[in-house]
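These are the structures in question, set out in turn.
Each of the next two complexes has subunit A plus one more chain, namely subunit B in the first and subunit C in the second.
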Partner chain A sequence: MKKTINSSVAIYPPHSLSRIMFEVNCAWELMIKYWRIRLSYPLTFLYFVSEPLIFLLPVIIYGQALVGGRESEVLANYAATSDVILFLTFGSASMAILTRIYWMGAMGIRREEWTGTLVSIYLTPASRFSIILGNTLFGLTMSVLAFFLQVGGVFFLYGLDINLLNFLPMITILFFATVSLLGFSLIISGLVLAMKQAWKFVLFMDGFMNLLAPAFFPLAVLPVILKPLAFISPITWGVEGFREGVLQGFSNYWFEILGYIVILDFIWLILGILVFNYFEFHTRKKGALGHY
Partner chain B sequence: MELSTIQAIIYKNVIHMSRYKFDLFFWAIMPIMWVTPLIFQGIAFVGGTTSESFAELTGSEDFLSFLVVGTVLFMFVSSAIWGAGNAIRWEQESGTLEVLWITPVSRVDILIGTSISETIWATLNVLIQFTIISLFLQIHFLWLGAIVSIAVMVLTVIGLYGFGVLMAGIIIVFKEPGTLTEMVETGLHFITPVRYSLQALPGWVRVISLTIPFTLGLSVVRKLIMPETVLYPTFEPIIFVVGLIILDVLLWLIGILLFTKMERFTRNKGSLGAF
Partner chain C sequence: MQEFPIYVSKISKKFVKTRGSRFRRSRKKRIVQALDNVDLQVRKGEIFGLLGPNGAGKTTLVKILTTIVIPDSGVAKINGFDVVKESRQARASFGATIGGGERSTYWKMTGQENLIFFGRMYGLSRKKAKDRTVHLLEQMQLTDKAHERVENYSTGMKMKINFARALISDSPVLLFDEPTLGLDPSFARDLRLYIKNVLQKEENKTILLTTHYMAEADQLSDRVSLIDNGKIVDTATPEQLKLQIKDQEVIKIRTTDSLPNRFLEDIPGILEIYNHNDSIRIHTSDSSQIMLSVLEKLKEMNITIKSIDVETPTLEDAFIKLTGRGLADRKEES
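On to the complex of A and B.
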């Protein structure tokens, strides 16, 4: 007999491997659902995957206008390359991937609220975290597609000197950085549940993280007053590690960055779960789950 | 054209805006947050706030002032395409479009009223942004030129809102405004001289860029407040101003014509209030 979702939950004990697999399956199905929705709007889909490239081109042109070519001796003092296009492409590409992961995760709950499906989803036996993970996976897969278009576009227009083997340290960083971003998404999701006016808050956070993240400049030029905030931001080390991986491979600095990310993973994930549970509990208690 | 209608629309929109005071602060702060990484980028690439290579293209070494003027004034572009372009859509979403449409007033008057109220909003944003930025950064402007450039900005804004009316016509048919507006905004950011001069762009992009009121207006404003900057092509600023006036007339004519056709099409389809 085919098992229903309810019977699966009934059979699987809370912390068993089969229960974890069930939750992963829920997240996967949600991701598929979001992909189907997104593909139903071809213009929006096309814009979302091509936007990182369109966004990057003015940054590159501005960089080239500043240095009068593609090499900067000043940049070489701060980073592992003097090539401004290489530096900007992978800074921007990593930023686009990481931002989209937490943006999608954070906005997922609000999107369900808008479409009137949040309460129905909450009634299913899937964990709330699986809902956010499903959104995060959707953000991740779409970002990876956009990444290839962005890097491919720059490669076609300007040419990039990269070692394909260095994609391994890059993917490793991406994997670990996603965990802390998931935690960060949980915090934003919790706040969004409580505050409702989500997009303005997420947009502000996005702008602030953009300001701190070393996507278009090396971390060294960030003013001292902002550095402590940059150091605890889940995006900063993701961007730094991603670019270091592409430029230098498994270097000492890369391992140092990985260490920071692993520590941040624990902090952000635990914090995320606590904050989300707190806000979710209070929103449900107030009966404001489906409210706008 | 009825002044009382335009006045009523402006009054309605200003009342609405004044109810969301935080929004004014929010939209004044956000562009500053977006431009700051570009300032850090400049410092990381050239080691300061001046660049000889930048001067070869623009005539000015001071990329910081160049960038700030472009980014802050781009607020008028955003306001034209988000505000005026989406005004009809906001009415649709709040369920007031059909009520507004059955009143015996001209649609064009509604759009002119919306454009003026959006200009008030954008001007407040721009003033706040300039004030905040000049508190933290050393921006070098010729303030007398800034006063003259108000007239140029008025001409620029008129053209931009003509484009906004055109966008409103497209949005009333296609309904889904977000993606279209974002595409247009990102595209305009790329092809207009916000961060760099036109010389930095490929030839065919420059030609397109010169048909956009913001390109002409921004170039003249920069010339007025940063006299060392060079215009592209190296015409006298008055040629750009004449071009701007021609574009204003053309964009409003095309905008109103297209909007009227699109509106009639939507009404015939019976989908005016539909989502």
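On to the complex of A and C.
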């Protein structure tokens, strides 16, 4: 039901389907807007899309040098494959996707502050979460493009033995991991709104979560002291589940990972909404919105 | 039916300002009372001016009404929606510009893309957003620049596209914070006419505009609130405010140098003096009676006169009478 107010603008009742559709629409428009802006910098765009492949190639060469070829029996004891290149490629590809989703979501508010458009966006009836979701969608779509370039590049150079049907479990993991990362991005966005310099924290967390993510090593070999932290990081399980999906399809371990991710989704999303709302309220109370 | 599309009751807001490095003990905190029990009601279809010098609290009030700042106490409603408790519904009810707004749109997108984008963010269908965009670009005389990136626009054109952004949603309530600040005089005049003739008379919008330009408030507003130090000093029509000093004349003197304070205080017959840089406004009931004494005093002090005018009182003079200071006086913006 829409209540119109003597104008073409509609006010959607809270928790209604029309409201949800409106918010999804806003997130979509924001994503399109980010794409327009990103494509206006063609070299930057090319860099971001090709960077994962350029980053991966030395790792593959290093991995091959380390095990003396492509196959490793030691790796097979820890992971679902003995193929070092396959292991590294999908570890790296999944980490690149998930990190970028987190990065774009967390930096969305800050980027609007930098360009001076945060207040303009805040004047519209769109939810703050839609703003972050729009950024996250942009990160997701851009990193999926980078993923195909990365995997396609490795396929072209080395060849990869993969079952295309296993893309389904991979996409499922990607979807659920994105929810956790959205919650994580909300926390960081709230901190960035309130503290401005907190965006350095985005950088720190990016590096730290990459350290914990089993992209270039099996999770089992992670030092014991870091394991509790790795277990609560959505990127850890995203990478693990993504690669398990590609290598084994819907295996028991894959379902186990999915279970972890769904639990993390609830924790991170609820925590994210609470933290973001708290910091956003206090920023508006201080009158510091849009300051940078 | 909401009687007042813009309703403000007992709104107060304090800010904590800090000075010095956060790592030093000497860091000082002080409380700035930006708004103090402000009451204001704007009727449907009315243009309401909020007139005051920089730092008087005008922008803070607009930021509260636009949900950007949360007040410490009091109630503010837009179109019947509480700006704190029903902020999303309130935001759907207004279009607004805050500050100059040169950077309020995306420079890497064209004017048309910007307006369609913001229209969509208000829930307009793609077709409606596009139609509104075409209409507004025409109104703002930017049709031929529609497909150019905003980064290539002049400052004035950027301000126009920001103004169009505020109108894209066709909202019933409009909040303009210093709408003509930074515009060239010709477009500022056109914009004032547009606000009066189109937005008010044709489209019956309810408009709150803040300004420190006395002539703008006088020309546009049906009613004006004078605001100073976060307090509403008086609310009336521009004519009623000027009537308060109808028996007075104003001698306006411009000099080549800055004038010392209080140097004319001992001349009898002067009711009010407002001294700002190289100009002075003297309120008196009879200009001919004091003119000679004033000129002698200036000659005595070796001050060169650029011009002397005797004027009928303006809104600014009403402001001076009520607050003891002029609109050009600056205070730290809160």
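Brief remarks follow.
One rule holds for everything that comes next: the second predicted complex is superposed on the first by the 279 of 292 C-alpha atoms of A that agree within 3 Å, B and C clash if a C-alpha of one lies under 4 Å from a C-alpha of the other, contacts with A are read in each partner's own complex, and residues count from 1 in each chain.
To be clear about the criterion, a contact is a pair of C-beta atoms (placed from the backbone, for glycine too) under 8 Å apart; a residue touches a chain by one contact, two chains touch by 3 or more.
Just so it is clear, the model here is predicted, and its values are computed rather than measured.
Upon superposition of the two complexes on subunit A, no clash is found between subunit B and subunit C, which fit side by side. When the two complexes are overlaid on their common chain A, residue A:286 makes contact with subunit C while staying clear of subunit B. After superposition on chain A, the vertex angle at the CA centre of subunit A, spanning the CA centres of subunit B and subunit C, is 90 degrees to the nearest 10.
Of the two partner chains placed around the shared chain by superposition, neither subunit B nor subunit C is touched by A:16. In the superposition on chain A, A:40 makes contact with subunit C only, not with subunit B.
In the superposed model, A:163 makes contact with neither subunit B nor subunit C. When the shared chain is aligned, subunit C comes close enough to touch A:122, but subunit B does not. Across the superposed structures, the minimum distance from subunit B to subunit C, using CA atoms, reads 11 Å. Residues 41 of subunit A touch subunit B in one complex and subunit C in the other.
Across the complex, subunit B meets subunit A through its residues 26, 30, 33-34, 36-38, 40-47, 51-54, 56-58, 63, 67, 176, 178-180, 182-183, 186-187, 189-190, 194-197, 200-201.
Note for the complex: subunit C touches subunit A at residues 13, 15-16, 34, 60, 63, 66-70, 79, 88-89, 91-93, 95-96, 98, 103-109, 113, 117-118, 120-124, 128, 132, 149, 165, 169-172.
By the touch rule above, subunit A contacts subunit B in their complex via residues 41, 43-44, 47, 51, 54-55, 57-59, 61-69, 72, 74-75, 78, 84, 88, 200, 203-204, 207-208, 210-211, 213, 215-218, 220-222.
Those residues of subunit A whose C-beta lies close enough to touch subunit C in the complex are 5-12, 14, 22, 25-26, 29, 32-33, 36-37, 40-41, 115-117, 119-127, 281, 284-287, 289-290.
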